[in-house]
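Scrolling down, you'll hit the structures one after another.
Okay, so subunit A shows up in both of these, paired with subunit B first and subunit C after.
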Partner chain A sequence: MNNQSIFEAYPRNDASLLIPLLQNIQTEFGYLPEDQLEKVAEHIGIPLSRVYGVATFYNQFRLKPLGKYVIRVCRGTACHVKGSLDILRILESELGIKAGETTKDFMFSIETVACIGACSIAPVIVINDEYFGGLTPKSIQKLIKKFKDKG
Partner chain B sequence: MKDFLDILNRKHMDFKVTPDLFMDIIHESPDITLPAQTAQELREYKSRLTLEKTDKPAVIVGMGTCGLANGAQGVYDTFKEELEKRGIEAELISTGCVGYCAEEVIVDIKLPGYPRLSYARVTPKDVSNLIETTLINHEPVRDKVLGVYHEKSEKRWENLPVINNIPFFKIQQKVVLENCGIIDPENIDQYIVRGGYKGLSRVLKNMSPEDVIEDMLKAGLRGRGGGGFKTGMKWKFARQSEGDKKYLICNADEGDPGAFMDRAILEGDPHRVVEGMVIAAYAIGASEGYIYCRAEYPLAIRRLRKTLADAEKYGLLGDNILNSGFSFKLKIKEGAGAFVCGEETALINSIEGNRGMPRPRPPYPTTEGLWGKPTVINNVETFANVPVIIRRGADWYASIGTATSKGTKIFALSGKVKNVGLVEVPMGTTLRQIVFDVGGGIPDGRRFKAVQIGGPSGGALPESVIDTAIDYENLKEIGAMMGSGGLVVMDETTCMVDLAKYFMTFIMSESCGKCIPCREGTKRLYETLERLTRSYKNENDPEEALLRFQGMVYLERLAKVITTTSLCGLGQTAANPVLSTLHYFRDEYEAHLYERKCPAGVCKELLTYKIDTDKCTGCTLCATKCPVDAIVGERKKAHYIISDKCTRCGQCMMNCNFNAIYVE
Partner chain C sequence: MNITINNIEVWANPGETVLEVAEREGIRIPTLCYLKGFSPTGSCRMCMVEVEDQGRLVPSCAFPVYDGMKVKTNSPEVRRARKTIIELLLANHPQDCLVCIRNGNCDLQSLAAEYGVRSYRYVGQRRKGKLDLASPAIERDPEKCILCGRCVRVCHEMQNVGAIDLINRGFNSTVAPAMDRSLNTVACVYCGQCIVHCPVGALREKSDQKRVWEAINNTDKLVVAQIAPAVRVAIGEEFGLQPGEIVTGKIVAALRRMGVDTVFDTNFAADLTIMEEANELIERITLQKTLPMITSCSPGWVKYLEHFYPDLMDHLSTCKSPHEMEGAMIKSYYARKMGINPEKIFVVSVMPCIAKKFEAQRPELGKEFQDVDAVITTRELARMIRVAGLDFSRLPDEGFDDPLGESTGAGAIFGVAGGVMEAALRTAHYMMTGKDMPVIDFSPIRGLQGVKESTVEINGIKLKIAAVSGLKNIDVLLKDIQAGKSEYHFIEVMACPNGCINGGGQPLPSTPEKIQKRTEAIYKIDKGLPKRCSHHNQSIQKLYQEFLEKPGSHTAHDLLHTHYIRRNRY
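Moving on to the complex of A and B:
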């Protein structure tokens, strides 16, 4: 889809469409590229600063592209009491990045989320759309190795 | 397959079936007589829908997020493949969740003439056995059976547990969740045939908006989003507000990181929420509405879209609903991931396309809400209660619960408890009943320590108060709050200081930053807790030790400032997890502060890693893994950890294959 058609679906100068429009662009590009933000500002008729303000306020939006595998670590309460912080720390040290970052080769990104509703198999992570539950420090190391090998 | 629309929109009928008549016919109170053939067809279709009388078996797979996370898709696909391969005619249906997460994937099989049979922990490997034994030979696979449903049937199997009698379900009372895990949520007819939209059709035909509000007040329904404000009052205020246009919003932002009941309702019985919303819109006089749903719930959003389209097709939503002249348009807004957007005024800002920051109240949304118009915001579960109040009567509803809190409440039970899942119980049930009777207690022979209720705004409650009957007032009295209904159970291996720190981290990153007490104060609270859990070895500045004490001395004062001077509920309740743990688990704080120990063995820096010389085989693995060379020892001889060098990274313990490393 070319991005002209993304914009066409949204009438101009309606500020209430800002968030849906950004969501749509992110679905298309995987992130919010700067030139797109400029276009959004122009399209909606608000200053770029306000677009930027909204884009940085919500956790969903990212201003940088993500890796091939997006690892979302559940940091909800149930997962926390079952050791999700350890899981996160191990992932961070195995991949050499912090939560919210992407590896230089754009293979992995780590994000944290609050309860994804799979508490019964806490601690849980989601890699792209696949769930992995009941993780232990050992199993997470194996899992990540598997993904690294797969490339 | 034909649906209600096809059956009732026959050309050969000599009258037009308008949407209101349509509902009357289905709910068996029409003013006209149907042609015999149509009536017959309708009866058959209905019994097929409820699976009461079927000519072919049905396989129903629980496919809520939780089921899917446990592999429900694989089970579904395998059933599909196997059934086709063997040429067996059976209906394969996907449903929401019955709430027994611990036993997912749950698959129900309904054979003609037999009661509905529920299987637990089904994997793709079990599928061919289930088909062979149950579908073909009509026998249960006993070691996989969860239970049979209590229903009239010609035939039955002996010695199988009945669902309602197994401990997890026994004290539950399913009112709001009555359809979850039973019906196909994407099939509007299945909702309708179980009394769905009957409440709406009664409201539009026989009740004035004031009657509806009166009913809500009489039923005693209170908001399930946390505050417990009387729903009828809220509607009354909005009804009385002047405005050329009014809005209705469903809060489906479910931000409490341990709550998933709203998601389960939206995934498992979305029409119930829509019906509740249309009734509410009629009561307050709203012409437009939004469902503001977390983007993290893609399945719920997808189902909602279909739900709205189907409801419109049936004339239950949109223009001239059920031929009554009343119109209501409903849209879905996807949230963008901010906890504070669950707060009603922040949510309004977010819908308007702004940063989701709360506004000062008053003016309350009921007078000045979305785009400055009177607006009612209610929670998903609140709306889901509305149809059944109309359908079964306010008096019936008010007979459930305690003096001040009526009806049932859904809790998401998780953490260190055997039966993780969704639990719906009458108000007034005790926490002990939920944790021990429904939840089955603590696994691995460990001891119960606390249960966190109300999420980041609530409190951690110890054994001494869990016999309190749950209602809005009682929970406040013991230092917690109802919140949305997340219940996270903790055992002796959970550190309460660490828990408080966890919630502070959450609040700190979710504070919108508008007011200083919340933005800065929560940081200071966090630092105080962080110092409690940090080893002096990792502190470069000698001042740190002093600050540790000072932080504790001023902790309660700081908490009070944050509580009393923050703008919105997030800040006003931010200190609750700290205050409640400090109140009930003071000894743990003292151990961290004075003895510099973590009794639960969680706070890493306060632990001492040791090697059990009896278990150590001298494999040297730990020594090679230790990043700071803190482990010494000769090959094939017991190793030893130099405590002063050890940074407590835990690598050695994780890697030792002989469980020889322990912490103290």
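Moving on to the complex of A and C:
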């Protein structure tokens, strides 16, 4: 991956560029690898502890890579009423991970989101960029099996 | 302008905060996160006061005064709010005061007592944290942390190290090194200023008390103690004596009563350091070697350079720090003189310093055996004196043992920032001219500023010198050296602001008034001694005659000098 170019776009020793730089790295890698955090600290001239502090403060930053399939389970009000908690529990037990975690084979990650604005098809989940609505305990199991088989 | 505090009209400067005015007027407002001289964060909310027309309580540490302002610092509402804050802090605290190192000297505990907290009113989930005991110098207990952030600000803004920061957010917030690693795996220099500024017991020194007691109780070991210059003007505070009271003789008496066999003085080795360091400076100047030469007695500073400026390691004096020199002389010269097997000697250094604990373990400091076996801080010695049942203030004054106990005023001033420089100049002058300086006191590098500079002319050579304390202050000078722009010949650096008298191992709390008093006491010791230049120390002269030959000799290099190690920044 050509991350040299990411840094080239940012002048050195400007601490105000910390967040945009981290965002850019996350876009490139999908998460913030440790060695990249060191490069950031070195590039903008602040201690690594501060880079890490900021990276762990904001929810948008991840320090571990996500799975090939990122499953976002909507836990908004409408989905909640339509049983999204059951959907989440089934996903968690099917994949053997909790929300916020990634499977050991890096195939699946589960995240919860507040509302994705698709209340009419609640309960809804998003796998990568694809929406799946009107889910039932049965259909979610089928859906996951399909993705598992696909690999 | 005028403002009213608790119905009393007081005068205030524009730009001042309510807290600053109240402090000046002798009105106490409790604080936890407030750090004098640093920008306020207002995060702990302890300093809340009532300001008329504000409609809510405001943090006085961050609230600027305005003309005609009416403040109440102690209304029932303020008291209730403060008490609730304390109770909430306690709800997320281990509540193990009885077994805490800060029991009896903790800001949170004192405030709980002051505000009459009589029960744990809030009970809920508590933040979990892992103990970090891996470093040889500093231990972290994140569960005790109240997130005031003082350690973080000191580490970043005063010391420019940035080994720790606030990580995560909300309930999971904690103070930790990058990647939540242990302190010993990051570029922490172990200055211990985080401990000095911690209001609770979340940060503490790694204690060596047990090992020292074991050595004392081991009849096979000859326990030799030595005391650093700054300890004798501070430890009295632990026993209710006035700050700056000189209690050298009582410390010696206490150590003997504790069972220490021989008590020597690190001031002796400070004189020895000066002989070697002045000689090294002259050699570097005359042979046109690497300049400026920078002092190496502050182990926090040495580690800082190794981590952050490893390309400048050649600038560091090769001299070991005084207590390491003392240890090396005890286990060679003294052992030989007394016919003792050096393996049986256990050297204990009593130091105002946290970093010395790390330094003593550096593998390059000692050949067959370490120069120093254990380092205890001023605070640890005070604890040992207490548990030994000694009434410190009533102890008689006793003298050091010979021959490594004699010292001059030059050795004494190692305890203050600028002291090593001044002591070295006294002897360098003698070595270069054969005469003592006409005026021994060298005032341009005295005082409590972070950077002090001057020029001295010796034998037609204009020496440009600087004394720097507080690591933040050294960066500009180091960048100049890197850029080849430095005009200095000799720079003294002390990691802790104002030097060892304000070291990480000194009695707590360390206030500006106490630092001032300790500093004055150090200069008083210097002034009161018959000999004030290291080269006049007769035991030092004898040491060279009998053993080391001359400064910079082969034996001296073997035992009194060292080398440094490149360390990573990350």
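FYI, the second predicted complex is superposed on the first by the 150 of 151 C-alpha atoms of A that agree within 3 Å, B and C clash if a C-alpha of one lies under 4 Å from a C-alpha of the other, contacts with A are read in each partner's own complex, and residues count from 1 in each chain.
The rule is simple: a residue touches a chain if its C-beta (ideal position, glycine included) is under 8 Å from a C-beta of that chain, and two chains touch if they have at least 3 such contacts.
For clarity, every value in this text was computed on a predicted model and none was experimentally measured.
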Touching partner for A:Phe106 - first (subunit B), second (subunit C), both, neither: neither
Which of subunit B and subunit C A:Phe29 touches, first, second, both or neither: neither
Partner chain in contact with A:Phe57 - subunit B first, subunit C second, else both or neither: both
Touching partner for A:Glu38 - first (subunit B), second (subunit C), both, neither: second
First, second, both or neither for A:Pro47, with subunit B first and subunit C second: second
Partner contacting more residues of subunit A (subunit B vs subunit C): B
Which superposed partner A:His80 touches (first subunit B, second subunit C, both, neither): first
Interface residues of subunit A shared between complexes with subunit B and subunit C: 53, 57-58
Touching residues (chain side subunit A, partner subunit B) in the complex: 15-20, 22-23, 44, 53-54, 57-61, 75-78, 80-82, 85-86, 113-122, 124, 131, 133, 137-138
Residues on subunit B engaged by subunit A in the complex (per definition of touch): 64-66, 68-70, 101-102, 104, 255-260, 263-264, 295-297, 333-339, 350-356, 412, 414-416, 420-421, 452, 455, 486, 488, 490, 494, 499, 502-503, 506, 512, 650, 654
Subunit A residues within the subunit C interface of the complex: 34, 37-38, 41-42, 46-53, 56-58
Interfacial residue positions of subunit C with respect to subunit A in the complex: 156, 161-169, 176-180, 186, 569-570
